[in-house]
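Shared chain: subunit A. Partners: subunit B in the first complex, subunit C in the second.
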Partner chain A sequence: MSNLLDLLLAGLATGAIYAIVAVGFTLLWQTSQTINFAQGEFVMLPAFLVLAAMHAGAPFWFAILIGMLLSLLLLGLGFKMLLVDPMLRHGVLPLAIATMALAIGIKEAVKQFFSAEASPFPSVVPAGDIQVFGHAVSLQSLGVLALAILAVVGLTAFLNRTSIGHQMQAAAQNPTVARIIGVPVERMILLTFLINAFLVVLASLLITPIYLAKFSSGEVLGQAAFIAAIVGGFNQVRGAIVGGLLIGIVDNLAAAYVSTQYRAAVPLILLIVIVLFRPQGILGRAEERTI
Partner chain B sequence: MTGMAKYWRIALGAIVIAGLIAVPLNFNRYGLFILSQWAVMTIAAMGLNLTLGYAGQVSLAQGAFVGIGAYAAAIMTSQGMPLISALGVAVVVCFAVGWILGYPALRVQHHYLAFVTLAFSTLAFLVFRNEDWLTKGIYGISNIPRPNIFGFATNRPLPFYYFCLGSLGIVSAMLWWLIRSPWGRAFQALRENPIRALSLGIDTRRYTLMAFAIGSALGGVAGTLYAPLTQYVDPVPFNLSLSLDLLMMVIVGGAGFFFGPFLGAAIAVLLPEWLRFTQGYYLMLYAIAVILLLIYSPTGILGILDRHLAERRTKTASALRAVAESRLGTAP
Partner chain C sequence: MKPAILASVLLATVLTGAAFAQSGAPIKLANVAELSGGGATVGTNWKNGIDLAIEEINAKGGVLGRKLEVTHADSQSNPGVARAQVQKALDSEPYVLLGPGYSGSVKVTAPLAAEAGIAQIMGGEAAELTRGDNKFLFRTSFGQQSSMPKVAKYINDDIKAKSVAIVWVNNDFGKGGRDVITGEFARYGIKVAADLSTEAGQADFAADVSKIKAAAPDAVFIYLNEEESARILKELKRQSVTAPLIGETTLVGQKVVELAGDAANGARGHVGLTTDAPVELVKAFREKFVKKYNYVPDHNGIKGYLAIYMIKATTEKMGKVDAKAFADNLHGLTIKAANEPGILMDVTFDQKGDIDRQGFLVEIVEGKQVIKQVLPKLN
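Presenting the complex of A and B:
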């Protein structure tokens, strides 16, 4: 029983990180029809930026700040202006292919300029266990979960409670009408890209201490976020959160109770079942066919 | 005018084919390996081009079908069975799996099929890796024999290259015929406007599945050539990145153009080799080149050519029109 609780908590912690990445993914899709195949690499890169800053002698907190600024600049502004803007008018597919190429580029750049080996990464939450009702609970899992929940609640509040949040939703749902009622749609789209950059940095800081910083670590993470976004509902922020948590838990339980060899298969089968029987996702609205 | 263009095209094709046969005669082992790899990847990319370029369905599982073909060839030929029987098994299995996998495509829009096929691709990789009794797991199957074609052994690199090139020729001819057949026209109708295709009496369900299944079967054909080419098969080459690479080949070459996969595969297989002098940077440069190309021309390399030809055609047409008008104007 206690084993199950541990598994659930660990699953929720990784699931919360998947949820953060998946939320960024759905935000980009909603505001600018960008299927970002490099989302996993976007999570991998900030950890290396922070490591590079620390290598140059910056203390940890300052390195995080530098990593955050560089990520906002590169993965937010740069990604939008240099890749998405010139390609968006050509439709979904060429842009998706370009992000695949971008994923290769980022991976190779990290391998070439940093290292092909896995490097340890300092944790933002303290390690160790605490006793809850006489039961040892990993402090790291709790800390990750708390920070992730904080981020998701904060983002949801921002989207639903503030004027800018409402404007962003309007820009995502119907750009033409939003423009007519005076929403600066272009600026809102840029804001989404910056929020996505912020979310991937956060995910990077939370997950890298657990799985080490490695150039190839984005592949697994990107796929998990992908599956989370679809299982939950591609066009809903809420859906991405539910999908992320679900995939995290299913993944951890599958490793313990199904088989370690096929643990990766269980979320995939879940994905196929969802697409077959409820393609709009658990919480999503059905997308109208555009013909 | 158009007759001349046709002759030019036939002449160009003849030169390219002659070049592909004659130039590698004094290539070394590695050069021939790379060229054979190009031929194999072109077959796989042609299958994907049928699915994506002609029928408009995005598949991220072509690499898995190449894997299925490669394992079929590896397992069966190392048991002493001829390659042609492995080819039959690979084609049938890939066609059937493609048909079943195509069902989600009937229910949902393009990007969902991409995700289902992505999931399938990873599942196939897990099976290759974990089912030791069949695939020998991570150790892989080695010493795969190369076939005898009409009594000619293809153990040496040059005959095997000609074998790959010949297979590519046969597949191209079949696909050329398929695209010009009523089926091919139905596939294109499906891509351009599914509802109109339906109202013209095309069974869109069947043709969508058909396009996907034939494309997948061609992936299997490429796989059965891949196994004797490398003579060693393990799960790593058939992970998701092969599917992504194949998709990139089709888009970079030009999706929906018959010769797109030839160019795309040439770039994906040969460009990294030419960039090898840059050492560790070559994949990075390749990625940047692909991004720049797609920004400049989202329809790929043949898209650029097509655009220029279309411009020239309109220019000639408007020039002819101007001449005709001036004649009309001066006519009494």
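Presenting the complex of A and C:
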């Protein structure tokens, strides 16, 4: 029983990080029909930006700020203006392929400028345990879970309870009508890209202390988050959250009770089942776009 | 000038030129290593050790008056790529082939070097590598058949464990180590409480550590590559596993300590090569390496360095640069550090290419390897 609790908690903690990344996927899809296959590399890069700032002598908290600003600039503004805007007019597929090229470019650049070796990364959550009903629970797992949930709840509240959030939803659902009623659609789309950049930085800060900073670490994350978004429902933020948590738990339980070798296949099997029997995803809605 | 005299002068000129070219031309070596991918730590250390040794030897006039020259190729930690790179390297007819470091890559490349009759000095540790009849393959460190019995003895005699969880990486290196240590445990009557296979490059060890906790062993034996070792140490700490953590070389390597931080404290293991060894020549090597590369090398850095000094000592013993005779001369050779300081510690190579050298039992204390016991050379 205690083993199952450990597995569930670890799965939820990892799944919450997948959820953050998956939410970014859905946001970009909803507002600009961008399927970002470089999303995993977007999570990998901020950790290296933080490390670069630390190597230059900045303390950890300041390095995080620098990493955040650079990520907003590169992965938010730069991504939209330099890649998405010019490619989108040629269709969704060329843009998706362009993001694949971007993923390779980011990975190779990090390998070239930093190293092919893994690097340690400080944790934003303190180490240690706390006792919950007589059972030792990792503070790090709880901290990661709490921060991830906070981010997702905060984002959901922002989208559903603020004027800007409503404008973003309007821009996503029907940009033409939104423009007529005075919603600055272009600005809302840019904001979505900036929110995605913020989310990937957060995911990076949470996952890198566990997975280590390595140029190739985005591959696993990108795939997991993509599956999570489809399983949960690509057109719903809440779907991405459920999908992320589910993939995290399924992955851990599969590793423990099926086999380590086949663990990577289990989320894919789940994906196939969902696509066959509920193509819109667990919480998704058919032919509707909303955030 | 008479035709006979003219012909003599021309012949003398040609012969002198050829002799000069022969004596002055650099000795070409080819290195194929894991410079990217999961084994990047292994390959990068190995390459840097090679470059350092070559720089030293060339600065002192080279080997038999000839400079050493090496080309580096990246196997991407992939046996298929390694095989292609080794074939390419052999086509350029090197004096000796260096690498790879991963046992799986050594396994698929060794037949190519043997067929070409070129000696291959490599970093792999899987027991099976030197069990065949390959006369051209040489280790730079202990094979698992030498190191695992020492680890099992330590777990039985010092830790006094009655049950052990084994975590191993599912590749040639990990499976070879797992098979040897399981046999040793059976000999001591130690029960295997959990037998956990993990994947190379695995990032998440939460489920594996949960299984270890559920098995409640007296000790955990961890046999993974460097990055995975660091990740599982962090997870073991995260899930508060308190059983002694024992490994062989990789678990207590410098890179693992750097990556795992505090989580590496308390890990113990057998190492054949460590820069913390209480040996003056090893300390001097460490200083030179740190000065050049600005980091402390792990055992792979020492292996690369030793490989070059193995070439130097063998070639000087032969008194000529002869690729075909190299392997025969290295078999059975004892190189003493007193005669060749670059070899760092006395070493003997047997007819299989395995080595005999002193080893160490270490523990990580406050982020540093502390030597607990020196295990002497057998012969």
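Here is the rule we go by: the second predicted complex is superposed on the first by the 287 of 291 C-alpha atoms of A that agree within 3 Å, B and C clash if a C-alpha of one lies under 4 Å from a C-alpha of the other, contacts with A are read in each partner's own complex, and residues count from 1 in each chain.
The criterion applied here is as follows: a residue touches a chain if its C-beta (ideal position, glycine included) is under 8 Å from a C-beta of that chain, and two chains touch if they have at least 3 such contacts.
Predicted, not measured: the structure shown is a model, and the values here were computed from it.
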Partners on subunit A (subunit B, subunit C) - clash or fit: fit
Subunit B versus subunit C as contact partner of A:T31, first or second or both or neither: neither
Subunit C, subunit A and subunit B - angle at the middle CA centre, rounded to the nearest 10 degrees: 70
Which superposed partner A:P279 touches (first subunit B, second subunit C, both, neither): first
Partner chain(s) touched by A:A256 [first = subunit B, second = subunit C, both, neither]: second
Partner chain in contact with A:L271 - subunit B first, subunit C second, else both or neither: first
Touched partner set for A:V92, first subunit B, second subunit C, both or neither: first
Subunit B versus subunit C as contact partner of A:K111, first or second or both or neither: both
Touching partner for A:Q236 - first (subunit B), second (subunit C), both, neither: neither
Subunit B versus subunit C as contact partner of A:L83, first or second or both or neither: first
CA minimum distance (subunit B, subunit C), superposed complexes, angstrom: 6
Shared subunit A contacts, counted only where both subunit B and subunit C touch the same residue: 111, 261
Partner subunit A, residues of subunit B touching it in the complex: 58, 103-104, 107-112, 114-116, 118-120, 122-123, 126, 129-130, 193-195, 240, 244, 247-248, 251, 280-281, 283-284, 286-288, 290-291, 294-295, 298-299
Complex contacts: residues of subunit A adjacent to subunit B: 35, 37, 83, 86-87, 90-94, 96-98, 100-102, 104-105, 108-109, 111-112, 219, 223, 226-227, 230, 261-262, 264-265, 268-269, 271-272, 275-276, 279, 287, 289, 291
Residues on subunit A engaged by subunit C in the complex (per definition of touch): 2-3, 6-7, 10-11, 14, 111, 115-120, 127, 129, 136, 138, 140-141, 209-212, 214, 216-217, 220, 251-253, 255-256, 260-261, 263
Subunit A-touching residues of subunit C, taken from the complex the two chains share: 35-37, 40-41, 44, 170, 196-199, 201-204, 206-208, 210-211, 213-214, 227, 230-231, 234-235, 237-240, 255, 258-262
